[in-house]
């Protein structure tokens, strides 16, 4: 599928489905080390994105990303809302007025998303947050820069999976899980997991 | 044991032990159809009677019964406190200044106790209360009027046992169990059970 | 059983110690027998309003002691009515020539123990009257049973008679007012879980994961029937119907609606239920003019709610609005 | 899960409807985004005090809206911080030239969403300041973590800054006062059972029949450690030690002691715990001059309590005593 505004919208719809399917899993991950709402928060947000897209898809990929950003910011709440919202907002800014996203633009957007999350949340790698999924996702994407959009996103999703897995052994230092300290070891960070799910959904949509 | 003041005091001490042993049973009976305190209430009362007797046993059986009455009234609370208190108070009034209780006096006292409970609580036979233990206890006692004090009390205890048993099939019409109506059928009334326990303890003490 | 207690036998005494130190400006606590008495008692020339009953229903009654409400509260052991000498102590501490009104909830134990205390007080030439409140529509009323229980209406009764006594009404007037309130207040309760009495250590009844006890009392006594769990709309609808059809309350009636938590219900759910009840009453043309929402007559940690409706007129409304200053109810001062 | 609700997704909106109708004299509720606003907002010339956060902690924050306390509360979904546009809505409804103070509890979600709202307000030339309260001593404070949580101290902070704003203090003064309060208030909480979030349907954590979670947060986030159940004396002693040693509070300090129910704790146990805390503080020479006892910052139906100590001086005491009229806290009016 071409990475036009329509393509991005389709990817977001696919992501909404994946989030709905994994709602309970994300709630349970958050129940273990947080407050049991991550799946609920993201479902609410992505359901709202799908509705917003129904009333009209913006003209550019940047417009679609911005719509996703503002919807997430105004519907999700919690930590994940502003963080994912900022990610999409920064990505949108990078996309400018391009009618279609190519690989270099995608890499720029991914890097901007990561930087946005870090600027907003102040987490670094190893803090056991979604940043731990995003960092390996961006490097893996950069490593696949010779391939197609789908290749790049698949590499990013693979990286995010590994990153999410890595949070199991970490002592959280940001977000709600940080209150638990060592007691959180052995649990995967729900935000890292949702990042991996979203990137996988985008990668599948791009095939 | 002779039915002097000391004998009545000994019977009350024996009753206190029996109530302590059956505390949980009485709580459970009350839990099923009431508010789960009958065993607790009576233990508190009889423990207080034992303490009161430690500071000195009154000179007459009537004095001992009156001490039991005022202690039960001021320590038990709930429905059982005033009812058992009145029973002992009326019995005490009948005992007058006799130094020892004989069979006719015992029968008078038992009748007075039953009348006292009915005057205070307005229950009649068949309402599923302690009255259903007391009524057959008094008639059985009357039937054993030719025997010893121990015989009379044993007959009373046997009657009370049958009476308590009979409450299992009744729809309660007085006290807290009456709120349950038909749902209380199948459960023994805790006050009827405690009446039977007390009379049995007195009978054993009289041997 | 997990509870924040020391010796189960000392729970009431230790809790009263906390109440005393937290509200030393309003009340004093006495030990053995336990009493909660207004700090400025006896108030000269005033009718004393005294209530009491088993503990475990807090803030009822100790939390309602203070100007504009109760002069004294007599707390028995958990779920067990206090003894006559305790009630007598409360009368002695608060009652002068103006006399006293005893507010008794209709439970055999309370009625018998307060009756005895009133007799003892009469023997000392004190003018003491008793009223028995029996507002629970869950129980069939009949002279062949112990009759209806006193539940949520007790809170409203204590506030309104307390206000009348505070403004200087005579004992005759306060008593008549109390009987009027009792005549036009009705309640119903439901439980989603059971309370655990400290000295018992186990829940007072067993309720399945999808069961609700409809018509629950405040001592964990079972209620009218056990029903399957249902939506708040359905459940509150059932409760409103039970209360409204009983008096009955009719279109055009002005009422006070009291939505009470039984102890363990989150406030989020309590206000949700309150909103539904207001809507259903509005649909019936019943005019909610005053409301009270909160945990005011509880059954330890029991989850559940009760609804109480009191028919208002100008006098009752004015007495309800009158200033009150107690640990649990306070306004106007 | 048994709850008095309809659709789990509608719990907050339906509950707010009940709040609105029960307290129409004090506040208005707006839908989508959900807001609770003082009935007379915006109050001319007054600094607006605005707070908010996830729902499920009632009466915090909506129950504290009214004269002498909050101008608006922003309720998010259960245990989830509200979004920036909701906060912005609250600011718009309450804030004039005198500006607004946002009271934010230190949770990543609250901080991020309120931060964004403050930026948006600044862009509209409104003078909006934020303070972040982090009074929970259970959490290790470190720049390498999310830091300490905002818990019981929030209630005291909202009352005191609300009083300062009500008497006409400038935004600079109200902000400085808020920072002072935050600097001298500390809390600790314990849980005996877990809350159940409506959209989850299961308890937020599993606690054995003889376990207590020491240092619990207000969202069912686990605490400092899991300890075996123990006597109230031992448990409250542990809590007092944790709070007192942190600031530290010292002999001769005047304090406000706030004994809070997490929602499902019977009042009988709450006052019992309060009495113990008062005694232990007295033994340390710490002078309890004011107290608050009740369910004021809760975690749905969670059983447990928290203790909060605030160091008082004349100014704070005077602001604490100032009249307040809200659904949950009321005195002097």
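For clarity, chains are labelled A, B, C and D in written order, and residue numbers in each chain start from 1.
Heads up, the rule we're going with is that contacts are C-beta pairs under 8 Å (C-beta built on N, C-alpha and C of every residue); 3 or more make two chains touch, one makes a residue touch a chain.
To keep track of the chains, here are their UniProt names: A, B = Dihydroxyacetone kinase DhaL subunit; C, D = Dihydroxyacetone kinase DhaK subunit.
Note that this is a predicted model, so its numbers are computed, not measured.
Hopping across touching chains, the smallest step count from chain B to chain D is 2.
A straight line joining the Cα centres of chain B and chain C is 32 Å long. Distance between chain centres (mean CA atoms), chain A to chain B: 75 Å.
Spacing of chain C relative to chain D, judged by their CA centroids, is 29 angstrom. Residue positions of chain C touching 2 or more other chains, listed in rising order: 78.
Applying the touch definition to every pair of chains gives A-D, B-C, C-D.
Residue ranges of chain B in contact with chain C, taken from their complex: 27, 31, 33-37, 40-41, 44, 73-83, 120-121, 173-176, 178-181, 183. Within the complex formed with chain D, the residues of chain C that make contact are 2-6, 11-12, 14-22, 55-56, 58-59, 63, 78, 192-193, 195, 209-210, 212, 229, 231-233, 235-236, 259, 263-276, 278, 288, 291, 293, 295, 298, 300-301, 303, 305, 327, 330-333.
Listed in rising order, the residues of chain C touching chain B in the complex are 33, 54, 76-85, 107-109, 112-113, 115-116, 138-140, 144-146, 149, 197, 199-200, 202, 204-205, 217, 219-223.
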